[in-house]
């Protein structure tokens, strides 16, 4: 078996973060791969909820969109979009939300709206989608992003999705019920908010990655935990299941 | 109330220059055939609503039909950017595009309010999001009971909503199933409703998960099998994932986009012809 | 999360004296078995929510279990008055009953707000109705966009909701169909959810019109076939129209009511015994 | 065939008021009988909507409750209770609403809440149900009540459901969109609001009833139209269909 790629390590690390039975609000791409991997490993009772309204989906391959037919066909319940946002997400019935972003700052606030000024952006990004409410109302949020200096920035161009706002207890003062981003899982390592300042701290590096590598890929002066750990290599089982899932996905979608 | 008429007639009669139009379908059942017909008829200055503007809105925007877009997530799902949407916002090409943007939760609440004939919907809102600061369509209000702040979202009331569904019956009732998304609320929020369908049947068989829109809320039904392509109609067609991927390259380049629209949309008269045209050209597969 | 346990245990564990309890079911699927169990266990000072308090609430009120009733229409459907409800309001027997009353539309909006974790729901409201003047649970507010007056209704957040459904599966998912009323909103507005069911199956067959409540929102499932009687469970039991008619005479008289409750409810341990007891006595048929 | 009873004449008169294709919000009892009679006579495309959420019900017999199983089984669509009130009634998608009441005043305001003071009522009535919104948001409202002095009163004990409020243009000034009560159909005749004052005027008497009979049964000084008409006798067809419907209903519900 060939060694794990960085995206694979990132996906496995995210999958390991999910406890069995959790209700997980899943986006497309890496989060969906991580959640579906976890469901095949240690978390067979993970409840996958997609914003298209499918609750308890059990897809056999990875969906290419949050509205793939298989998500509906294998769900415990399919509800309307107003309901998924009001009765499920806003009502606090999601344990874990997954988010990605174009930019993140040291307090895990996220930008998916624009690079440059809002009125005349240099790059127009897709926008908010469900992210602000996912971050506000989920029990906790896992962020998955590739670690690059232009993505891990000193100052967001636009705060689409508040994470820990300006840090400290700002989040709970603003009335958010969930704990907000608890882990930022990247292709280099894992950042976690400091318990008091809520500034993101490097707590894990992936195999073969040094803390300096991660600092170099971060646009702010990244703090590193005293006891930074190395992520355990993906096991043969983890990697095997992930690769099998991806292979079957490719066959299904292109076949 | 519901008339079964050709799509060209429905679009011609019900959508005018400057109309406010919602074309909904949450990944599933996106009304592409109707979007093409709007382009063919050269409609201008449209105000378009859609939670997830994707390829069909990229086409409408690139074709110059759209003055304003109300949306919550504008990307090519699973692929990347909508290059025509980006070109319009970043460079004003082919014309400037005004945008009003929301979160999904706010868009959904705005449709619910429209369907309920309320002036606004209420959600908790997200304190600290710049999004709420840039929008005139939302306002913080206080609960009259405990003073808690919540977010009011102005109702969506489009002139016309367009959706694609699996079936209509002879009376003009419409049946859809699978992921039903925001279709009912969008349908009921509008003054007129155009529904393109895969099939017209005498009577429906009941289907688990079905949603039925009674004939008296449907303005026009248009037979357009395959009309969701490259999106899909559960039980009838498959999502054409290859097309979504191919669209990235087509839409990235203004000239290639214009050739594509000229040849495959303006040069055809129906979704069936569009699909043939694409297949023959090997363009978009 | 969902445990399959006896109804006596669910009521004993989850409903205390003074609990706020919603028992819903719009004519269809009314949880009578659970109501009887609450009477048997002698619960006191309950705050009860229900759009259409009917025979089961008449029994609970007459049995002295209820301190406060939040409702929108309190009658014996198709028959007439609820005499125990009337006696409590008109004469304070067997104890005074505080009432908070709404229109159906307001009750529905209050449950929707509760299910959505919003402090209040919004409806247009009816200017000039004395009802709105007598209620602290509603307030006129102005649209922040156009100043239009609409009515805010304080959210319902019961401690426990109780519903009856056709089926549960082994994982604790709940399936119901037919007239689904306000059940989903009532279920999701509460902190705990008790569901009595006609049948527990391994896996559901999909049914057109079905609503599924996933296991993770269900606290307790109790097997209670016939538990909706004299209401019905579509596909399982028929509405017992004769009982509704007979109830008028039973409830009209305090003594006869007390005998009925003592004999058929306090003297039994399950809905099956209640139905036997009624049939043997020829009482209520 | 035995002559029509007063309740039968009342039901037939109400049925005749319904135009084919109208969307009709139906309560139980006389309104349901009238609507189902109309659907079997001149209005086969009448759309019956019950507040339990059934749209386009086509019951074979009269339902005993607004939630009878047959209403769901024969409907074009069954929706939730929040939806029927928000998306259908409040949104103005009902053409004709039917109401009854314990008390009505000269401006067709209705009381279904209490007789006596609200805090200590002499008679506690069932309450509002859907009535206030039915009257506010339906295109028009038909009221069906038995004509008695204690029901047709000078002064309501409680205004549950505003009709024409204090009369004149009060209703449109209050922002109601629908036309409000357009006919009050009783077992003695028909009252209609005066086009300007909105005071109820006797416009029809049923066969064998005099205007004086109706005045005697009315608790206020009832005004009588100059050209008061006599209700046309129920035809053999009308009466036959109604009696057949009732007979089949009794068999079905008691059988």
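Residue numbering begins at 1 within each chain, and the chains themselves are lettered A, B, C and D in the order written.
Convention: a contact is a pair of C-beta atoms (placed from the backbone, for glycine too) under 8 Å apart; a residue touches a chain by one contact, two chains touch by 3 or more.
None of the values given here were measured: they were computed from a predicted structure.
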| item | value |
| --- | --- |
| Chains touching both subunit A and subunit C | B |
| Comparison of A-B and B-D by number of C-beta pairs in contact, larger one | A-B |
| For subunit A paired with subunit D, centre-to-centre distance based on mean C-alpha positions, whole Å | 57 |
| Centre-of-Cα separation between subunit B and subunit A, whole angstrom | 28 |
| Computed distance of Cα centres, subunit D from subunit B, in Å | 41 |
| In subunit C, residues with contacts to at least two other chains | 112, 117-118, 123-124, 184-185, 209 |
| Contacts with 2+ other chains: residues of subunit A | 86, 90 |
| Touch-based graph of the chains, sorted into line, ring, star, complete or other | other |
| Complex contacts: residues of subunit B adjacent to subunit A | 26-28, 51-52, 71-75, 77-78, 81-82, 85-86, 89-90, 101-105, 108-109, 111-112, 123-124, 126-131, 134, 149, 178-182, 184-185, 209, 232, 234, 238-239, 241-242, 244 |
| Complex contact set, residues of subunit D against subunit B | 21, 23, 47, 55-56, 76-77, 86-87, 90-93 |
| Subunit C - residues contacting subunit B, complex | 117-124, 139, 141, 143-146, 148, 150, 152, 154, 206-210 |
| Interface residues, subunit C side, partner subunit A - complex | 112, 115-118, 173, 184-185, 188, 211-217 |
| Touching residues (chain side subunit D, partner subunit C) in the complex | 28-29, 51-54, 64-69, 71-73, 78, 80-82, 85-86, 89-90, 109, 113, 118, 121-124, 126-133, 135-137, 158-162, 165, 174-176, 253-254 |
